[in-house]
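Chain naming follows the written order as A, B, C and D, and within any one chain the residues start at number 1.
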Amino acid sequence: MIRAGIVGGTGYTGVELLRLLALHGGVEVVAITSRAEAGRRVDDLFPNLRGYYELVFAEPEVSLLANCDVVFFATPHNVAMQLVPELLAAGTRVVDLSADYRIRDASVWSQWYGEPHSSPQLLEQAVYGLPEVNRDSIREAQLVACPGCYPTAIQLGWIPLLARGLVAPAELIASAASGASGAGRQAKIDNLLSEVGGSFKAYGVSGHRHLPEIEQGLQDVAGGPVAVTFVPHLLPIVRGIHATLFGRLLEDDTDLQALFEDYYRDEPFVEVLPPGMFPQTRTVKGANRCQLSVMVPQQRDTVVVMSVIDNLVKGASGQAVQNMNIMFGLPETQGLELIGLLP
Amino acid sequence: MIRAGIVGGTGYTGVELLRLLALHGGVEVVAITSRAEAGRRVDDLFPNLRGYYELVFAEPEVSLLANCDVVFFATPHNVAMQLVPELLAAGTRVVDLSADYRIRDASVWSQWYGEPHSSPQLLEQAVYGLPEVNRDSIREAQLVACPGCYPTAIQLGWIPLLARGLVAPAELIASAASGASGAGRQAKIDNLLSEVGGSFKAYGVSGHRHLPEIEQGLQDVAGGPVAVTFVPHLLPIVRGIHATLFGRLLEDDTDLQALFEDYYRDEPFVEVLPPGMFPQTRTVKGANRCQLSVMVPQQRDTVVVMSVIDNLVKGASGQAVQNMNIMFGLPETQGLELIGLLP
Amino acid sequence: MIRAGIVGGTGYTGVELLRLLALHGGVEVVAITSRAEAGRRVDDLFPNLRGYYELVFAEPEVSLLANCDVVFFATPHNVAMQLVPELLAAGTRVVDLSADYRIRDASVWSQWYGEPHSSPQLLEQAVYGLPEVNRDSIREAQLVACPGCYPTAIQLGWIPLLARGLVAPAELIASAASGASGAGRQAKIDNLLSEVGGSFKAYGVSGHRHLPEIEQGLQDVAGGPVAVTFVPHLLPIVRGIHATLFGRLLEDDTDLQALFEDYYRDEPFVEVLPPGMFPQTRTVKGANRCQLSVMVPQQRDTVVVMSVIDNLVKGASGQAVQNMNIMFGLPETQGLELIGLLP
Amino acid sequence: MIRAGIVGGTGYTGVELLRLLALHGGVEVVAITSRAEAGRRVDDLFPNLRGYYELVFAEPEVSLLANCDVVFFATPHNVAMQLVPELLAAGTRVVDLSADYRIRDASVWSQWYGEPHSSPQLLEQAVYGLPEVNRDSIREAQLVACPGCYPTAIQLGWIPLLARGLVAPAELIASAASGASGAGRQAKIDNLLSEVGGSFKAYGVSGHRHLPEIEQGLQDVAGGPVAVTFVPHLLPIVRGIHATLFGRLLEDDTDLQALFEDYYRDEPFVEVLPPGMFPQTRTVKGANRCQLSVMVPQQRDTVVVMSVIDNLVKGASGQAVQNMNIMFGLPETQGLELIGLLP
């Protein structure tokens, strides 16, 4: 059994990790931390877990965590980077669900997150945990930086086209929408049901923190500069991300449906829908799955890709477990055989 | 033109008052206060009001408010009772949407609200602003205490039966449900869309603050003690209260449909639906209206009354305007000819 | 492997059965029928199932179904009762999720369902599939009638009190609310998002078809007549039932919390929450679980029980699988280790 | 008083027209038709209208309608074009909310709507009822074709840019999302709350019927060919459209904020939000208002415009009343002083 710790277990990615790990079969969660809830039973805060855990939230101390084979950080940014150096030194492997190690350039990180990076020496070493791109490096990694939710949905949609040079890389457009759980379990007026319910809006249009991450990932695939206009929107639902991607086609001979199907044929968690079927967020609710459609409306020269994930699963905790499976040599799908809750 | 002030204009009852008063025709809002937002334009916070107000939030100072003909308190409890004595002394009339003057007995108030009442001498003088019961007293009142949202829906449903002594007063049961806006515009995890969305629960079962208010109002009508088992629930919607009331019938000869229709025949804002039609919260969304149904399922001896209101309108700001209209001798329906937004 | 067939696989209980059975481990679904969709791939209609089934909808023919070890009916009423006699004769066991065999008295059935019962001779033989009451009979049953969703939530809440004679059996009140999936996957204006979304209402107040089923089940437990005033409401959510039960206590010496905990101590799918914690529908979303709270507000003489289930799981397809597990001697929890999707 | 008739009064644009006209002050609705509901009281179907109308649905007969000063068609396509010729001949003016007269080229209409146009001779005469573009022609029109909901939101967003030639007209991208009421009050599985609730998806990507209407309108403004890639999405809310528009800027010297503010300075129902504020659908819920934001993210060369309307008001019935006001010489804002229901 892999002995796992979770830092920051009171948020939505924390409870989702607990849901997935409870039934994983190869992992025992031996420590879960929260400053605010230290001493409280986990299933008192999250009664869906009753019967599955006897855990109590503990203070986040390195001595406790270093005792684990793997530690998940389900924290806001700027927490992991304080603790990870010591954990790595102790031989513990880390799967960071936060943004701390996603951007390779510390100055870019600082520009978007508004503070200096406290362990920039680890940025080179951290592996960006998108298995569909970096599976081999993840296998050996000590430190995996799980992608953000939008970046997961958007990159998986663009990659087949950019890898083949089929779209103009400087004119990419991503219109995406997320459920409210993406904003985390924090007391903010902006995320009240009374503010968000029955409404829809764009936000962060001038620059969302996921933008540099998206561009970095796509540049790696494209082998050159890309520019993305990224407009996120807030959906009045709890879970789900839908990305609608627009690109200018550079040639029109390729069978895009076949291209996508080939590209993801062996991926256990990425699916290309048949022509004419478009993805819905509900289809992947609770599942570690990305569903994609590609088409060229009106036979013009703009390609449209649609991509859906559950932001808390393939966009966060499910992908974290997938990374852990790869890191520890387990079957990649272990504990992730989940079917979307439809309806 | 009546010169009106609003204390606590950043909450949901505040913005709803502004919506109603903008089109009222007989009122000018000359002052609106908020400590937190002082200096900010009202329509910057509430862009639905753009074009209707040039107002800027001000600090809540008595000098400013005493200059008004009427001041509305759209505040949490424990604010009005600090300022009202001075305002009344200055001759300003007050419509308090908060709980401060709803309970006549200061010790009961303190027991439920957890602090001493700072102006108990006004409790006798305050008129409980349920126009269907107290219209005449409201006309002359200096200080009107607007009923809570649940108490409005529940009392209007019980009154015809209790006034006629048709149900057992010590066995009343009220199962009610409210939209999330009833919890106010406050940063609390419990009211996040991610917590409330797509879910339903009871809360406050051991004792909700509206219970003593409901029992006080019903006792006045029944002319003796009543006991209500009141279970509120939280709906994953923004606006609306639905109360389902159960009572043991003391006789079975009365035509309850006719009783209800007669009782409310002249009320502009209470409607009894035809037999077989049940109220929906959406039907009164945005409207100052209570819709009621009454029936005896299976011809047994339990009567069921269903009552709906928009918690922010007939349950708060609309009723406040209705009270103001009565206090100032305007037509009671002025500014309140609003039709529910269906769908 | 148990060979299973599903009749009526295009509805919500059908797709939910498929979700549960895909990961069950002891069952192979070998046939699924639908007149309307015959010839269409199941995962074309329900893309959440892609990768888990190669099944195609077939015409509902007895020859196909009689070949199964067990056949689930996920149909509207009046379908199972046409086919079940032949299937039983062929030695196939049947788990009926519809209402056809829930009521023991054929004349009562006809009165509520508006047509004669076509196989009343089987009503005696059918076992009512509430495992918490009838586990032993289910084990040997050829034909199990799965309880309705409301009856499951409501009976589990009342049973401990009625079994001990603690509440007045003729004055039971059940105020319950269901998500829209309870109405099935049928094209009706009343269930459009535009009709139901953002609203709440009671329905079926004069008499819901689940009423005789609830009363029959409770009478068995109480050992005498009961009368329930049952008011169902429609929630603007997809999944979940919440029942709020009110009863007049006949004595006040019993520790009700302890009573409930004792009563359900060994039940794998019924949980009594600690004092002061109330159930939420989201906590059991997707899980085969009933969570209960019991309390006596204000120390008066009315007891309140709150009960939640997912109407499609413990209220339908999960309970059907639970029954199948019992019938075939499998561990009762096999395939049902599901954790509620919170948030 | 203008005597108005409504054809097809059982849909959502019908009930919304009734809501608006009830309080208009200058209009009396004298006839409302519905084949399916003929003989039924209007307020029995739509109880939000109780107290405002005594109307009963009638069969749609020309003799009844020709008696009106103006007839609104709140019907699916292919109804108005059967009746309008006779009404115009009788001197009745027509405001058609359906698609029948929006496209000037009958063959284009037939291609998108799948049937021949039965009164193509009127297409030239019909005025496209977007007052911000065609106010003068509307004044004199006998027949006004109200724009579709998406076309209203999208055109109002693009027009200032296209009128000035600031964006590449052949590369326009519109990613838009609509509440479910846009699909009408029709019994379809696809629009059930259980299908749509808590989910999000694109639809009609290969070609939505509003595309030719959008391109026709934008070409008029641009003075040359335009091409729009239009992807509509379905929101799990009742009301509201949000359009996010992307265009390649042809120059970067223009102050776009000032351009938009100037362009719409005198428009009563179009508002440009201050820099940094983005529109929300809830802000215009129930109001005849379009709110717009414009910005250039990251100072690159892609402009983003966000546009919101209530699909049933500025996207349908409100715009219809606005057109009627213009046609009959009333103040354009009469009956349309409505404030969005926030929250």
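Here is the rule we use: contacts are C-beta pairs under 8 Å (C-beta built on N, C-alpha and C of every residue); 3 or more make two chains touch, one makes a residue touch a chain.
Just so you know, these numbers come straight off a predicted model, no measurement behind them.
A comparison of the B-D and B-C interfaces places the larger number of contacting C-beta pairs at B-C. Centroids of chain B and chain D (each the mean of its C-alpha atoms) stand 36 Å apart. Averaged C-alpha coordinates give centres for chain C and chain D that are 45 Å from one another.
Chain centres here are Cα averages; for chain B and chain C they lie 39 Å apart. Residue positions 12, 181, 185, 194-195, 197-198, 236-239, 279-280, 282, 285, 343 of chain A are each in touch with at least two other chains. Contact topology of the protein chains: fully connected, every pair of chains touching.
Partner chain D is touched in their complex by these residues of chain C: 12, 179-181, 183, 185-189, 191-198, 236-238. The touching residues of chain C, counted against chain B in their complex, run 171, 173, 175, 177, 194-195, 197-203, 205-207, 211, 227, 229-231, 233, 235-240, 242, 244, 246, 248, 276, 278-282, 285, 293, 295, 297-298, 300, 302, 304, 306, 308, 343. Looking at the complex, you find that chain C touches chain A at residues 12, 15, 19, 22-23, 44, 46-52, 181, 185, 197-198, 238-239, 271, 273-274, 277, 279-280, 282-287, 291, 312, 337, 339-343.
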